[in-house]
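Report on the structure given below.
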Amino acid sequence: MSELTISRRGLLAGSALLLASTALPTIGFAQTPKKGGRLIVAADSEPRNLNPAIVASNGVFFISSKVVETLAEASFDGKDGLEPRLALSWEGAADGLSVTFKLRDGVKWHDGKPFTSADVAFSALQVWKPLQNLGRTVFNDLTAVDTPNELTAIFKFAKPTPFQLIRNALPALSSVVPKHVYEVGKIEENPANNAPVGTGPFKFAEYKAGQYYRLTKNDAYWGKDEPYLDEIIYQVLPDRTSAAAALEAEEIQLAAFSAVPLADLERISKVPGLKVITKGYEGLTYQLVVEINHRRKELADLKVRQAIAHAIDKDFVVKTIFLGYAATATGPVPKNDPQFYTADVPTYPFDVAKANALLDEAGYKRADDGKRFALKLLPAPYFNETKQFGDYLRQALAAIGIDAEIVNNDSAAHIKAVYTDHAFDLAVGPPVFRGDPAISTTILVQSGIPDGVPFSNQGGYRNADLDALIAKASETLDTAARTELYKEFQKKVAADLPLINVAEWSFISVARDTVGNIADNPRWAVSNWADTYLAG
Amino acid sequence: MNRLRRFFCTPEAVAGAAILASLIAMALAAPLIFPGDPQAIAGPALLPPFHDWSLPLGTDRLGRDVLAELFHGARTSLAVGLAAAAAALLIGAIVGTLAGFAGGLIDEVLMRVTDAFQTVPSFLLALAFVSIVGPSLGVVVAAIALGAWTGPARVARAEVLSIRERDYVAGARVIGMYPLEIAFREVLPNALPPVLALSSVIVAAAILTEAALSFLGLGDPNRVTWGGMIAEGRTVLRTAPFLSIVPGVALVLTVLGVYLAGEGVVESTAVRRSLS
Amino acid sequence: MTRALPLLRRRLVGSIFVLLIVIIGSFLLLEAAPGDAVDAYIVSTGGDAGMIELLRHRWGLDQSELTRLANYLWALLHLDLGQSVTFSRPIRDIILERLPTTLILMGSATALSFGLGSALGIYAGARPGSVRDRFLSIGSLALYAVPGFWLGLVLIVVFAVDLRWLPIGGIETIASAKTGLPRAADIATHLVLPVSALGFIYLALYLRMMRAGMAEAWRQEFVLAARARGLTRRRIVFAHVARNALLPLVTMLGLQSAQMLGGSVVIESVFAVPGLGRLAQEAVAGRDTPLLLGIILVSAVLVIAINLLVDLAYAFLDPRVGAGEASA
């Protein structure tokens, strides 16, 4: 019953008790993995490209990670937080110029052809480096992949590249696709992008647009006795309330990625036969961040940014908007990160009086109507919680005399407004922490990024010290020294507030009691589900 | 006077008028009873109704006072309905009058444009328009009007076609009035009553369309509307049903009120017309 | 038939202009949108400047607006709806896949609201001003005033979750490999709730129109004459009053077809029905201009065809209607 963690951070006492009581009946239940069965899962969106080697995103992984495997997967207790998948071991050279992977023997693609180092070389050089959304940055200096034999792949880099970064990037960025399928024609237009072929425990069987995706068991899977399930079906449920209803009606057995709204969890945890699971997303931490446009004269003033930070009641945000399923943030690295996080940073406790004083000091006195100045606030529309936080932030700013007007855009318009047109003063964004600050975190504050790059510093912030620190960390090979630099990075960001980190959250799964072995790794929802089973 | 008496003879019309009157009272009283921002956080989140008498209808997901939101929502919902209907009637009347009065090519072109608008589902048009321009109250009103003006335009045109040939129009021509002047000063006012009869339907539809747009996340987040409240409440439909029931009932009553009162007006005028 | 032909010809010529206005209008509207298909795409992926440029080029978004409109119209002349940027598939295939679902949903909902609405309308209008008349007309109005999505959610909670009589959504049991009659029955079961939600909303329209038409007809001379001839009340209701009141309802049927399609956007989303309405919403969100144009075009053709049928039916049913002014 390890997946029913009751001691989660920030979980409200009341719901913790509820969880405990619903957990009791199943504890005596014989949880011996059973073979067979069809697992039906809720899916709220339909990714248009299912190739995880090109699109490294959770929406794609949710489906494709069962079909296409990575070199390594995240793990709760493996060395460096990793466990082997297609690679058995990985070794970085001392000069940072190469990394050697020993590959698993006897692995076959779904079409029966053997998996070899040529596939890894092809994926890295032809797909990850030129085409992948995240790989284009991380594998930028990759120049060659040597394949001395069928089971060895040696990555060669033009510049010293920290092995720690490559290691941390493996779970999300290293999906291996078959060379023989992709070497003909344009990779982006290959039909396998919509019907992926991989080495994973499940084969891609069928996609009915607007209805479902179907995966079937791979009988020739390399894992002993795996997979347990015969079939996985992703049922498309576009409405946010339907996953809960479908679970209760026993039409689906699992709703991951908080498909059941947080506010419904307390009620649904009392429904017999259903369990609420908060584990299995530790490696997929989303951060609630206030993005700031430093081109605005008021916001370029550190005192104003500090005032805004003091005006936000982070505990209220965690308790009311996330209903306890989140943690307050101190800086750009989430608290649950085992390698880089430091609590030793300047903090901004909730203090409206201090915030008002700071604004007075900065010279923005209240006018006769009680207002100091007006701002445009753009909450990202992707999550209910980012929109609710936008509503809250508007109220919090009103308390310190800042009149914020919310601009409600759909996703495409939001991306364009914030990251291309810079038509915002404050924005609320949910960047993802991907296990290493260099993958997608430093880009949030670094300067010199071209216009139009999403989820990057488009607020016109420029800090030479910080840029130098980021550059230094990117070429520091020693793991301890590199980690230390990122601790320094957190301090600098928290002190100068290029953006304000408010909270960190992961997702919640709700499943029927019969679903076993869920949440057994930190990226469970996007891992391969080879050992997941249906009991009874 | 007669008309008024006839209006008050039908219980439906009276009920409709009563609902509308209390609604308008609510809208007017909102800033007096609940001064300040109705979206301000007033208490603990998800407080059920009738538990705390300072927050009689409870609070929503963020702890905002549902009763205050309901009152202020009456303002915006009514404003959206009335503004959208006024805009739709105005556009419709102008297009219809021009088409009917000018005839020929202008008529043909205007009516094909009307056809085009009638061919595209108005909700789809509103959806696309709001997603593209960005949701604010004015845009929502424009989007609704964009899909609603065709009905009034057709009615106005039909009416103008029959009025065009009447004596006083011919008279106006004889004394040398400009065609546009005739169209808008002589013909339009006489063509207006049947066009106005459509207003209650349009107001009701506008309020419902605003709600549906809010459901899809396309409401103005800076204002409280009932549609927005229902849309927000639906994620907690099972946990806190009152959050969507309270504004839902208000919405149903309003649409009913608008409809019944509108029908009462139309019927009382219709009887008068058939008598005269 | 001779009477209908000029009407048909006139309508067809007019329709081409209407379609042209619709296409160009929608195209311009979508072009004015902030953010394009690439912006919508990178929401879920992120990516650097080079990748974004690559995508814009691959999807042809780096061409000028005029070039793309011209290309689109040129392809359309060859009955080619183009390629969807979000699905990377021919739009014709995507639409053909969804169209039957929407047609079944809309057809059933229209049948429900028209059938039940006019039946109840006759029942109510047979005795204008009676208690049942008032009750039905206000009750149906209240249904009309309920937002469709809310009605849908409540129906799901009651009939799918609590009672478990019906499935919560979708169009058929997933991956069930049913065929023939069992499949049809399966689809029918899945459609009960969405059709009810959509149909009950528009019920009021037909009910009230029928009822009003009947109230009007009761006052007409031929009804008085029928009464004077000593016909039974039942006979008068069906043979004279209701029959006369039915005509405007037929016109309404045509006018409503476009609105029904709009209403199905929300209902399809609530009930996870893979139809055109939901596809349109996805096309707007994904800024998939050619896909949205395709959907609007197909629905416009659909609406025009339905209205044409209605006009023809009308021309046959009512001899007073001259060609041309039928739908005014």
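Just a few scattered comments:
Read from first to last, the chains carry the letters A, B and C; within each, the first residue is number 1.
Just so we're on the same page, contacts are C-beta pairs under 8 Å (C-beta built on N, C-alpha and C of every residue); 3 or more make two chains touch, one makes a residue touch a chain.
Being a predicted model, the structure only gives us computed values, none of them experimental.
When every chain is reduced to the mean of its CA atoms, the largest separation from chain C belongs to A.
Across A-B and B-C, the chain pair carrying more C-beta contacts is B-C.
Inter-chain spacing, taken between the CA centroids of chain A and chain C, is 40 Å.
Averaging C-alpha coordinates per chain places the centre of chain A 44 Å away from that of chain B. Centre-to-centre, using mean CA coordinates, chain B is 22 Å away from chain C. Among the residues of chain C, those in touch with two or more other chains are 33-34, 153, 157, 269, 284-285.
In chain B, the residues that reach two or more other chains under the touch definition are 131-132, 134, 234, 237-238. Within chain A, contacts with two or more other chains are made by residues 241, 409-410, 413. Chain B makes touch with chain C in their complex at residues 11-12, 112-113, 115-116, 118-125, 127-129, 131-134, 147, 154, 157-158, 204, 208, 211-212, 215-216, 227, 230, 234, 237-238, 244, 248, 251-256, 259-260. Of all the residues in chain A, the ones that touch chain C in their complex are 40, 45, 47-49, 55-57, 59-60, 131, 133-134, 136-137, 188-189, 193-194, 206, 208-212, 214, 231, 233, 235-239, 241-242, 245-246, 248-249, 251, 382, 409-417, 420-421, 440, 449-450, 452-455. The residues of chain B lying in touch with chain A in their complex are 37, 39-41, 45-46, 61-63, 131-132, 134-135, 217-222, 234-240.
By the touch criterion given at the top, residues 240-241, 244, 261, 263-264, 266-267, 320-321, 379, 381, 384, 387-388, 390-392, 394-395, 398, 405-410, 413 of chain A touch chain B in their complex. Across the complex, chain C meets chain A through its residues 33-37, 39-52, 58, 86-88, 94, 97-98, 153, 156-157, 160-161, 164, 167-171, 174-175, 269-275, 278-279, 284-287.
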